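Pasting the structures here.
Each of the next two complexes has chain A plus one other chain: chain B in the first, chain C in the second.
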Partner chain A sequence: MFDKILDSKIWSFLFKGYGLLFLTFLYLPLGLIFVYSFNANAINMAVWTGFTFDWYLTIFGGANSQSSFDAAFTESPARIFDVVKNSAIVALTASTVSTVIGTATAIALARFQFFGKRLYQAFLILPMIVPDIVLGIALLIFFVGAGFKLSLLTVIIGHTTFLSSYVFVVVSARLAGMDTSLEQASADLGAGPITTFRRVTLPQIMPGVVGGFLLAFIISLDDVVITYFIAGVGGQTLPLFILAMMRRGLRPQINALAVLLLLFTFIVAAIGLYLRSRKK
Partner chain B sequence: MNFLNITSARKAYRTPEGGFIHALDDVSLNVRNNEFLTLLGPSGCGKTTLLKCIAGFEDIDSGNISLEDQSLKGVPAHRRPFNTVFQNYALFPHLNISDNVGYGLDVARVPKKERADRVEEAMELVGLKGFGKREPNQLSGGQQQRVALARSLVLKPRVLLLDEPLSALDRKMRENMQIELKNLQNSVGITFVFVTHDQEEALAMSDRIAVVANGKVQQLATPTEIYDEPANAFVANFVGTSNIFTGKVVEQNGKNLKIETANERQVLATSDHFNLGDQVQVILRPEHMKLSPDGNEISECCIEGTVEASIFVGSEMHLHVNVGKGRTAIVHHRHNRGDEGERIEVGTDVKLYYSPNAAHLIELVED
Partner chain C sequence: MSSADTILKRKRRTLVLLLAPFSIMLSVFFLIPLGIMMVYSFLEPGLYGGVEWNWYPYNYGRIIGWPLNDFEEFEPIYLKIFLNSLQIALMTVICTFLLSYPAAFWVSRMKGAKKNFALFLITLPFFANLLVRIYAWLLLLRPTGFFNTVLQSAGLIMEPLDLLFNNFAVIIGMVYILTPFMFLPIYANVEKLDYSLVRASQDLGANPLQTFRRVILPLTAPGILGGSIIVFIPALGNFIVPSFLGGSKVQMTGNLIERSFLQSRDWPFGAALALLIMASVVILVVIQLNRQAKAEARGVS
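Take a look at the complex of A and B:
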């Protein structure tokens, strides 16, 4: 009896230790980015020379005391604003359109029987499994072949194709858990198909739809590989921009940008989780 | 004019193995206005399919369903003047109780004032006044059941369809709801078509019962007729317990018949419908069979046997009596309090007798 308690204490200590270690492993790199984004040292970010908000200020154009030396290491706020705007346009449009397509498809597959349904379902999930680089090249070949000029529009179309799959999967899961007798009950009480959809089906799957939208939004926001192939001259998004910056060296402004992107993503995810918990 | 009339309805489902299941196999049924009709049958007998076809959730393959001689063919569920109480209630989880009850009125764009009044009235009818602001998951099963009823009744349907609505409730609650449902049906004057597999429930509540099995209506009659004069062996066995002996009429004296059973015993019965030489099945309810352990009480004793099992169920002793050739008769013997002498041990030789009037004869059908 006594032995057992001792045993379990040791085990619980080990388990806690392991858990902590694992979390450290996951979050240490992110923590470092966060810390370095406040490091005044412009040349070697691993050496701490003092605390500064300058890197954040350079992003928003608020660093007046910038030396010409610093300026060489930073991108102009106008340029950053441009790519952030591009990213926002792409992420918002692509995730909105794919939410509509993905949801409609999920409902069609959940509620109707038709020939070849299983195969159709498999094809819908496939874009999630296809390696990004293959998808990127394929989209590029398609756009070029179809005579599209690479631009923000091609990025939006490209994102919409595979994001629809993600939304489809998330909404399908929600639909699978929904009691179909609710729709029958609605019809039974006199509601036509459209009213039933608006008043019963949609409210029931709303957490899935919102979740799918947010997932699509986040994926679109930080996609690099596919976007890299299909973004034209005017279509550079924030992740592509950061990647381009990296080519010219690891610079502290990148840390600040990365932290902001991370914070934004966390906020979006938090909203998603909150909505999910609220709708039980 | 017919009220709700189902004629020669057929519906088959394809099985995964490529065969067909005839859920409805030539079903004809006439539901009268204002009656409480129960579709009674084992699971998979087609009773729920029939209900769904009436509601309009499914279409029959052939045949016709009509209301007051107007065919309902092609009329979708939301245009039929029927409402359904679902087995799992199917309350809308995202709406509170009063919005659940008011759903049909909202869809029909009933004016605000009238909607409020009718919702209030319906909630009062089912005894849920003041529950309007609660969420469905805050209510007990019995209360959710009432909400489902109110939600349907508020629309004043021509027919209320109930799909095993009491099966999810515990026994006590179920018995209370049986009485309430029956009273409710009387007070609102709406036709109820009630689906159940529970024969006691059916006998307790119905004006008429349609016993359904294998996609066919086996018998449509009042509860007493169903119990006392089952149309066939299936009905006799499904509704209550029956002792069924197969035999041949060997003596006829007016209405009084003597039947020799397959295990070479002679039993008595009265019937207008059978004659000398007819092959029949004799149906005897266990509570109509009495026993005299000493065998002296009646001159013309019917069946002799040995007690194989004796089960005490409180109000009665259920005796399984071996009557020879492997046949067992079940006898419900009244149990008197403190009457130890009445206790019948396994292995006792007994004689069973009954009033010939209690025996119900049906034609022998070869399966």
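Take a look at the complex of A and C:
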């Protein structure tokens, strides 16, 4: 009867209203950045004075609005390309390597039995449980102590380590729902383990692998805390660049940059979520 | 016999090959760094950064209260900041729960494509950059921000309200970035909720409130607990949210750790604080695993 109550007119109306409020809470702040990014008012973003593309243009050095305080930001269109390039290198490398490593591990755990498997499994997801800041400073101490120079390489290593756990979890979930009879049939028909993997297993787990890769890619692209500690001077990524900008004060250019980053991650995430919904 | 042996050997070799990369990487770039951090927390800070290799428990002493005489002083401020961090993390858990629980029921009663779309909408902000999401709240809360401008132009307030740089702002920021972590586990539980048990409770004469308290809440408790833990952990160690929305007024342990690593260069002290966070997390996770194991055992027997 409780489900009847939930579905009754009053309750379903209340729930709908609440649901809309919930979505508003999630999207109003982001929507605000989007609107502000087109607001010509450079002094107070909350007051609309007209539509402009200037903030987007100034990010990329289109300097038709060189008012005095913009100088601090427009000095750096080249800098923006640098940090975007850094972010792309880190995210692509780290997510590719962690996809290979995480997938291999997931297959091993799904297809082989060995002593202490459950404990080992728990060990593999530890990096997801340890707070980011702890992981960040532990890596900082380690890299400095071991004589690594903090750079893009240390960022890539750090990211790959904890991203592999995420890929492992995503691919494992896919493997858990998989029918093994096809693999057996393939083996019975004389295919070697490598052929079976390439022709039977991999196509079946592909949505999981791609999903894991996209998740890793977004997490790497968005990561602030761990990168913050292990990037050093040479490894500034886009989020660290935004962090530095925010510390210098709120400027309309941040709105534009934030919108571009949001759009990009949302598109990648939407593709990932779509793939995941399709597999079911 | 020997062919069975070679198959076994080959299988073992495949297993080792598959597991080696991640195992080595986790050992070198995860376990060893954590171990070194632990060691560092017991070393003496060097005068100009770095460490002296002397046994030095006073990093913890400074936090908990047995300082090195005449040299270090016990500063209750560190403990106070830690307690405040615990409080903020706890409030974040409570608020994300209150927000997500009804929303989970809302989505669970939907059907087909609509449901998938709602889930998609709720999951998507999770992928928005952490900084961007905090930045959005700066735009909303600051003196010349959205809320103050709206309230002022509506004539409801004369002076802008101080919405930023207090615990409230920090908690809002935390809730905003962590709500999906609470929603998804709760939703997974609510979605599977067996309504025949709910009906049985009603048939046996329980009123809706009793049914909720005695049937629905316990049935969805695992999701609530799971969500609470994965919200609490990142909230406790967070330093980005308080550094922007708390300003210099709200300090969390994360801010102290950041500062001792990047500004005051007292690495051992920062390591000790980080271990304090780690210990809280480990205690929580162990309690949760224990509870889960017990629940499973009960389910079997």
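Here, the second predicted complex is superposed on the first by the 257 of 280 C-alpha atoms of A that agree within 3 Å, B and C clash if a C-alpha of one lies under 4 Å from a C-alpha of the other, contacts with A are read in each partner's own complex, and residues count from 1 in each chain.
The criterion applied here is as follows: a contact is a pair of C-beta atoms (placed from the backbone, for glycine too) under 8 Å apart; a residue touches a chain by one contact, two chains touch by 3 or more.
Bear in mind the structure is a predicted one, so any value in this text is a computation, not a measurement.
Touch criterion not met for A:Ala176: it reaches neither chain B nor chain C.
By the document's definition of touching, neither partner reaches A:Ile271: not chain B, not chain C. Contacts of A:Thr161 after superposition on the shared chain: chain C is touched, whereas chain B is not.
Touch criterion met: A:Asp188 reaches chain B, while chain C stays clear of it. Of the two partner chains, chain C is the only one that A:Leu140 touches; chain B does not reach it.
A simple residue count on chain A separates chain B from chain C, and the partner touching more is C. Using the contact criterion defined above for the overlaid structures, shared-chain residue A:Pro203 touches chain B, although it does not reach chain C. In the superposed model, A:Ile125 makes contact with neither chain B nor chain C. Contacts of A:Ala244 after superposition: neither chain B nor chain C is touched. In the superposed model, A:Ile10 lies in contact with neither chain B nor chain C. Comparing which residues of chain A touch chain B with which touch chain C, the overlap is empty. If you check the complex, the residues on chain A that touch chain B are 179, 181-182, 184-192, 195-196, 199-200, 203-204.
Against chain A, in their complex, chain B makes its touches with residues 55-57, 76-79, 82-84, 86, 88, 90-94, 103-104, 106-108, 151-152, 155.
Within the complex formed with chain A, the chain C residues making contact are 11, 14-15, 17-19, 21-22, 25-26, 29-30, 32-34, 36-37, 40, 99, 102-103, 105-107, 109, 116, 118, 120-125, 127-133, 135-140, 142, 144-146, 148-149, 176, 179, 195, 198-199, 201-203, 208, 211-212, 216, 233-234, 236-240, 244, 254, 257-258, 261-262, 267, 270-271, 274, 277-278, 281, 285. On chain A, the positions that touch chain C within their shared complex are 1-3, 5-7, 12, 15-16, 18-19, 22-23, 25-27, 29-30, 32-33, 36, 44-47, 100-102, 104-105, 107-108, 112, 114, 123-124, 126-127, 129-135, 137-142, 145, 157-158, 160-162, 164, 168, 193, 218, 222, 224-225, 229, 239, 242-243, 246, 250, 254, 258, 261-262, 265-266, 268-270, 273, 277.
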